[in-house]
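The following blocks contain the structures, represented as C-alpha cells.
Two complexes follow with chain A in common, the first pairing it with chain B and the second with chain C.
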Partner chain A sequence: MTSLAQRKKFTMGDAKESLVNFSFILPAVILFSIFYIYPFYDIFRLSLHEWNGIDAQKYYVHFDNFKELFKDGNWWRSMWHAGIITFFALTFQNVMAFALALACDQKIRMKKFYRMIFFIPPVLSEVVVGFIWMWILNGDMQSGEYIGILNYLLDKMGLHHLITSWLSNPDTVLTCIALVHCWKGFGWGFIMLFAGLQTIDAQLYEAARVDGANSWQIFKNITIPMMVPVILVVIFLTVLGSMQVFVLIKAMVGQGLQDYTSVPVSEIFESMIGLKRFGYACAQGVSFGVTLITISLVFKLLSTKVKQY
Partner chain B sequence: MAINKYRAMKVSKGFSIHLLLGLVAFTCIFPLFWMLRCSFMTLETVFTDKSIIPTAFHFGNFIKVLTEEKFGIYFMNSVIYTASVVSAIVIIASLAAYSFSRLRFPGKNFFFYMFVAAMMIPLPGSFVPLYVLINKLNLVNTRIGYILCMTNVGLSMSILLLKTFFDKMNTDLEDAARIDGCGKLGIWWHVALPLARPAIAVIVIFNALNVWNEFILAQLLLTDTRLMPLQKALMEFQGAHSVDYPVLMAGLTLAAMPIILLYLAMQKHIVKGFSYGATAG
Partner chain C sequence: MKKIASILSFLCLIALCFVFVSCSQQEKDPDRVVLWHWMNDRHEALETLAARYQKETGVKVKIDLFSPPHAYTQRITATAQTRDLPDIFGILDKKEIFAAYIKNGFVADLTEEYKKDNAAWEKSLFTKALDVNRFAEDNIYGVKPGVYGVPLDVTNIQIIYNKRLLKKAGISRPPETFDEFLEATKALNRVGVAGLVSGWGEMWLIESFALNYAFNIMGEEKVMATFRGQVPYTDPDWIKVFEIFDTLSEQGALVDGIVIKQNKIAEQDFALERAAFAFNGSWCVNVYHGMNADLEYGVILPPPVNPDRPMKIWGGSGSSLVVNKASPSKDKAIAFLRWLTAKDQQAYLSQETKNLPANKDALSEIPQILSDFAGVMDHTTHPTLWKYNELAKVASEFNKAIQSIIVGDLTPQEAAAKVQSIKMAEMEKEKRRQQRRER
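For the complex of A and B:
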C-alpha cells in the first residue's frame, strides 16, 4: 500500500534518481544516435539528391535515383547473382548443416571434436577465406604443371575434362563463389541447429520408440516440428547474410568478371567510390534494405503462423 | 543371427556417420593446412612441389611479410582496434544493460526497443552515410573514428544479450551490497559485472571476431597505410603483387591464427552464447 502511494507522487528525489538511472544508458544512446540514427536518416535524405560526395552543393532530384535504379540492368543483374548465391546457401548449405547437426546429435564418439572443427570456417574473415580458395582454385600453369591444387589433383586423377580456370571462367565463377560462401557459412547453421536439437526432450524420443515408431517417423513427427522455430531463424539469417555477400567476392576475383560476379553491395560500392554518385548509392542502399526488410517481415509472419500450430 | 544383423547395421550406421563428419571436417581443415604449408615455401618451390609436407621449410616469408611488407604495423593496428572496441563495448553495453534490467526511469522500454529494432533492421548501404558523417566530423584516417563506428556496430547485440543475462541473475548479492551502502555505480562494477562474466565472455568473443575480420569500414575510413588493419592490408598486398603466393599465405596465416587461437580458447562459450541467443530472441 505504501509503495503504491509513493509511486503516485513524483518528487524531486524521484526525478534525480531517474536522471541517475538514465545516465547509465547515456553513453550507449549518444553513440547510437550519432552512428546509427543520424546515418539512418541521412541515407534517406541523400537518396533524393544527386551528389558527388565532395562539393558543398547537392542537387535535389526527387525520386529520380529510384526511377533510374528501377531501370538499371546492372542493378537487377547484381540482385540475380546474389539470389543465386542465396539459393545455394539455402539448399546445399542448410541441408548440409542440418544433416551434420543430426549426425552430431547421435550417441557417437568425437562429437566435441567435430563441433570444434565445423565452427572454424565461420571465425575466419572473408578476406582470408577468399584468398585461400583463390589459391586452391588457381587455374594457371607453370612449366607444364597446374599450380592450383584442385586442378593439379584432377590432372593426376586423370579427370582432365573437369579442369578449368575456375575463377576466370564465366560458367564456373559464380558457382565457385557460392560454394566457398557455403563452406564459410555452414558452421553457423550447424551450431544453431545443434543447439536446437539439444533442447528436445529425450523422453519424447523414448516414448515414440516404445510406441513402435521407426527412425523416419520419429524424425518427421518429432524432430522436424520441434525444430521449426530454429529452422526459420537459420533460413532468415542465411538469406540476410547471403544477399549481402561482397568482401568474399572481392577477395576471390577482385575486379575481374564484374558482369558475372556483381552483387548489390559491390554495386553500391561502385556507385560511391567508382562513379562518385553518393545519392544513387544511397538510393541503392535504401531499396536493397527495403527488399531485405520485406523478406524478414514475411519470415516473421510465417514464424508466428507456424508457432500457432 | 538377428542380433548379429542388428549389430552389423549399427556398426555400418556408425561408420557412415563418421565418414560424413570426417569428410566435412577434412574439407574444413585442408584449406587452412594448405595455407600454412604454402607459407613455408619459396616462390620457386610453391608452383612445383606438391608434396603434402614440403621438402624444405623456409621461414623467410614470415620475416618478409612482417618487416618489408610492414605487416607488423598492421597486426598491431588490428590488435589496437579489436582491444579498444571490445573494451568500449563491454563497459558501455553492460552499463546500459544493467540499467535496463535493474533500474527505473521513464521511457526505459522505448530506449530498449530502439536498440532491439536496430538489430532487426538490415541497412546494407549504411556505410555510405557513415562515411559522409565521419568525413564531416573530420575523423577520416583517425583511429578514434573507426573505433567509434565499430563500437556502435556491436552495441545492440551486446546490450540485448547482457540484459537477458541480468534478468535471469539472482539479485541477492546486489541487495546485500546496497544494504552495505554501496552506490549503483559501485554495485555495477563490483557485483554485477563480475557475476556476468559468462555473458561478457560471449560478447568479447563475438565482438572480437567482428572487429578483427571487418573490412568494408576499414577500407573506407582508413586510407593511411600507417592506420590500416590486417584485412585491408591483405587486400592491398594482393592487389600490388598478385603472384607472390608464399608471402600472401604467410600474411593470411598471421591474420587467421590469432582469431583461431582465441576461438579454440573460448570455444565452450560459443555454444553457450547460442543458447542465450535462443532465449533472448
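For the complex of A and C:
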C-alpha cells in the first residue's frame, strides 16, 4: 500500500514526455526490427517447413528438420571440424599473438614496422589468402620439381620424408586449413592484446621491480591479471570467428574432401544451394546460431565475473 | 526537445520509405529486354550482339553478368522468391528445379514458338540441345509437356590429350581402352609427366566421369534402376565403377591433389603441360587458347572398360536461357533469342568464344578441334535428359565417397556400402516427404 501511495500519478505530461523519449529510439527500434528481429523470426519460421526455395507452397513439418539435424552425422562432423579449427585458433593463434604483442611492447627497434607486418594478413581477403596458401602447399610436380613452395623447400633441404600433398591428404588438410586460419587471424588478437598491454600503468612494473620481482613474477602477477578482460574478449572473438570459417576453406579446397573439411557454414550452404532444402538449412542456421549465442552468453557471464573480481 | 524528436521521426519515415521503395518491385520497361547470365567468356560477345540487335531492330537488350555460377544461381533463386526475375535468364540446376520454376509460373512455354514457320527454329537447332529444355509427355515432374528453353550452345565432356607429351613418352596413338589408358599414364610417369587432371574438387565433374563408366559397365537401364532404388550400390557392377577410381589412384594415373582441384586450376595444369590428359568439356578450347595458344592437343572419348557397350558422355546441354513468363517484354525476349540462335549470330559467338554452336548450320565455320568435339554428339547423354535422377543427397555422398577412394580412405566396397546406407535412409525420408505433400 505504501509503495502504491508513494507512486507518482502518471499525468498527461508524463505520457507526452515518454512519447518524446520513445520517438528518439523509434528509428533504431524500427530498423532493428526490420533487419534483425524479422529475419530471425522468418528463419525460425522457415526452419519448421520443407521448402525448395522456389515453390509457392511450403510444407509445415513441425520440428522434423531439427530432429533430422540431431541425427545428421555430417552436421556433427562439421561441428567437430569447426571445433578443431577453433582449438588451433585459441591455442596457437592467440599464444602467438600474445607473445608477439609482448615482444612489441618492449623497447625494441622497428616496433612500428613489425606492427604493420603483423596486421597485413587480417586485412587481406580470405579468398586471396586461400589461393596464396593453396599455391604454397601445392603438392604437384612439373619436370621433376615441386610446384608448391613448401614441398620445394623440403626437397631442397633433403627432408623428403616430410613431403606430402598437404591439401589432398585427409590427415593433413584440416590442420593446414586451421594453421592458415591462424596465420590470417592472429593479427586481430595481436592488435587488441598490444593495445591492452599499452594501457597497463608503467608505474606498476617499476614498483614491482623496486620490490625485487623478476620478469616472470611481473608477467604472472601484473601483466596477466591486468590483461584478463582483454584476453577474454580476444578468446570470445576467436571462438566466434573460427566457428564461422568458410570462405577460406572454399578458396583452398573448393568442394574437395568435404568429409574431412566441412564446417557448419559449408553444411548450411550445401543444404541451401546444393540440396535445395531451405527449411533444413534454416534449421541448421537456427541451431548454429543458438550454439554461438550460448557461447556468447557464457563469455558474457565470465567477463562479468572477472570484472567483479 | 520536441523539435529534435519531430526531425528524427521525419528522418525515420524517409528512411523507411527508402527501404520499402528499394525493396519493392521495379517498374519494368516494356521496350527493353534484360538478360541475366553467368558466362564470363561470352559476356563481351553477347554485348556486341545486343548492340547489333538494337541497331537492327531498335530494341535495347541489357546484358547483365553475374558470376561465378553458384552466385548466379543464388541470385536467380532470390529474385524468383521476390518474383522479380529478368526477361531472360538461365536455370543452372537439376531438372527437378527447372520443373519447379515452370510450375510456379516463372518460365514461358516456347513450344508454339518453335512450331511457327513450319518449325524452322526447332529444325535449325541440335535436337539434343533442345531436349535438355524439353519436358516429355510422361515426365515425372508433372510439367505440361513442351519446350521451355533456348540452347545457346552445345557442349560435351571428353578426355583431352597433349600430343607433345604423349610423343615424349613414346606413345604413338591415344589410348582406346581403359587398360591402354593405364599403360599410357605409366609411360608418362616414367618420363616425369603426370597422367589425368580434372576439376574433381567440383562434384559434378566426378559424377560425370563416374556415370560415364556406370553407363559403359552396366548400361542406362540398370543405372536408372539404381536411381529408382531397385538396384543397390553394393551391386558388383557399381563396385566396378568405384574400382575404376581405386585403380586410377593406385596406379598413379591421376595428378596429385586432383580431389581438391577446381576446374579452372585443372585447366591451367593441362594448358601449362603439367599433365598429359584432362577430363574437360568443349568449352576448354577457349580456355586453353587463352592460357597457351601453342598447346597441341586432341580429344578422345573416355577409354571404355567394357568394349561391348558404347561409351556415353555427358553433353548436349551447353548453356540454355529461358523467358520469364510474367515479363511484359516476353515477345521481344523470344524474338531476341530467336535472332541470337540464328546462323550468323551463332557463327559469331562460336568464333569469338570457341564454343560449339547450338545452330547446326553454324557448325561449318568452326575450328578442327571443336569439330572433333562435335563429332561424337551422338554419344552424349545428360541427367536433364534422363527420366529419373538420383536423390541430391545420395548423389552428393556418392561423389564424396569417390573422393575418399582416391585419397585411400575408403575401399570400393566400403564406399559402396556407405552410399547404399545413405540411399536407404534418403528413400525413407523421400517417402515421408511425398506422403506429407499428398496430405
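Here is the rule we use: the second predicted complex is superposed on the first by the 274 of 309 C-alpha atoms of A that agree within 3 Å, B and C clash if a C-alpha of one lies under 4 Å from a C-alpha of the other, contacts with A are read in each partner's own complex, and residues count from 1 in each chain.
The rule is simple: a contact is a pair of C-beta atoms (placed from the backbone, for glycine too) under 8 Å apart; a residue touches a chain by one contact, two chains touch by 3 or more.
Note that the structure is a prediction, hence the values are computed from the model and not measured.
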**Complete:** So, after the overlay on chain A, do chain B and chain C clash or fit? They clash
**Prompt:** In the superposed arrangement, does A:Leu292 touch chain B (first), chain C (second), both or neither?
**Reply:** first
**Request:** Tell me which partner A:Glu126 touches in the superposition: chain B (first), chain C (second), both or neither.
**Result:** first
**Prompt:** Looking at the overlay, what does A:Gly254 touch: chain B (first), chain C (second), both, or neither?
**Reply:** both
**Request:** Mind working out whether A:Met192 is in touch with chain B, chain C, both or neither, as first, second, both or neither?
**Result:** first
**Fill in**
Per residue count on chain A, the busier partner among chain B and chain C is B
**Message:** I'd like to know which partner A:Glu206 touches here: chain B for first, chain C for second, both or neither.
**Reply:** neither
**Message:** Is A:Lys276 touching anything from chain B or chain C once the two structures are fitted on A? First, second, both or neither.
**Reply:** second
**Prompt:** Now for A:Tyr36: first (chain B), second (chain C), both, or neither, which partner does it touch?
**Reply:** first
**Request:** Check whether A:Gln244 is in contact with chain B, with chain C, with both or with neither, and answer first, second, both or neither.
**Result:** first
**Request:** Using the touch definition from the top, say if A:Phe118 reaches chain B (first), chain C (second), both or neither.
**Result:** first
**Item:** Listed stretches 78-86, 186-194 or 276-284 of chain C, narrowed to the one that overlaps chain B
**Value:** 78-86
**Message:** Does any part of chain A touch chain B in one structure and chain C in the other, and if so which residues?
**Reply:** 20, 24, 27, 31, 34, 53, 142-143, 147, 254
**Request:** Enumerate the contact residues on chain C facing chain A in the complex.
**Result:** 1-2, 4-6, 8-9, 11-12, 15-16, 19, 70, 73-74, 77, 80-81, 93, 97, 100-101, 103-104, 106, 192, 194, 200-203, 255-262, 269, 272-274, 392-393, 396, 400, 403-404, 407, 409, 429, 433, 436-437
**Message:** For the complex, give me every residue of chain B touching chain A.
**Reply:** 14, 17-18, 20-21, 24-25, 27-29, 31-32, 34-35, 38, 46-48, 50, 91-93, 95-96, 98-100, 103-106, 111, 114-115, 118, 120-133, 148-149, 151-152, 155-156, 159, 184, 188, 209, 212-213, 215-216, 231, 234-235, 238-239, 245, 248-249, 252, 255-256, 259-260, 263-264, 267, 270-271, 274-275, 278, 281
**Request:** State the interface residues of chain A toward chain B in the complex, per the touch definition above.
**Result:** 17-22, 24-25, 27-29, 31-32, 34-36, 38-40, 42-43, 46, 53, 96, 99-100, 103-104, 106, 108, 110, 113-121, 123-129, 131-133, 135-136, 142-143, 145, 147, 149, 152, 183, 187, 191-192, 194-196, 199, 230, 233, 240, 243-244, 246-247, 250-251, 254, 264-265, 268-269, 272, 278, 281-282, 284-286, 288-289, 292-293, 296
**Prompt:** Where on chain A does chain C make contact in their complex?
**Reply:** 20, 23-24, 26-27, 30-31, 34, 50, 52-56, 59, 61, 68, 138-144, 147, 165, 167-170, 173, 252-259, 270, 273-276
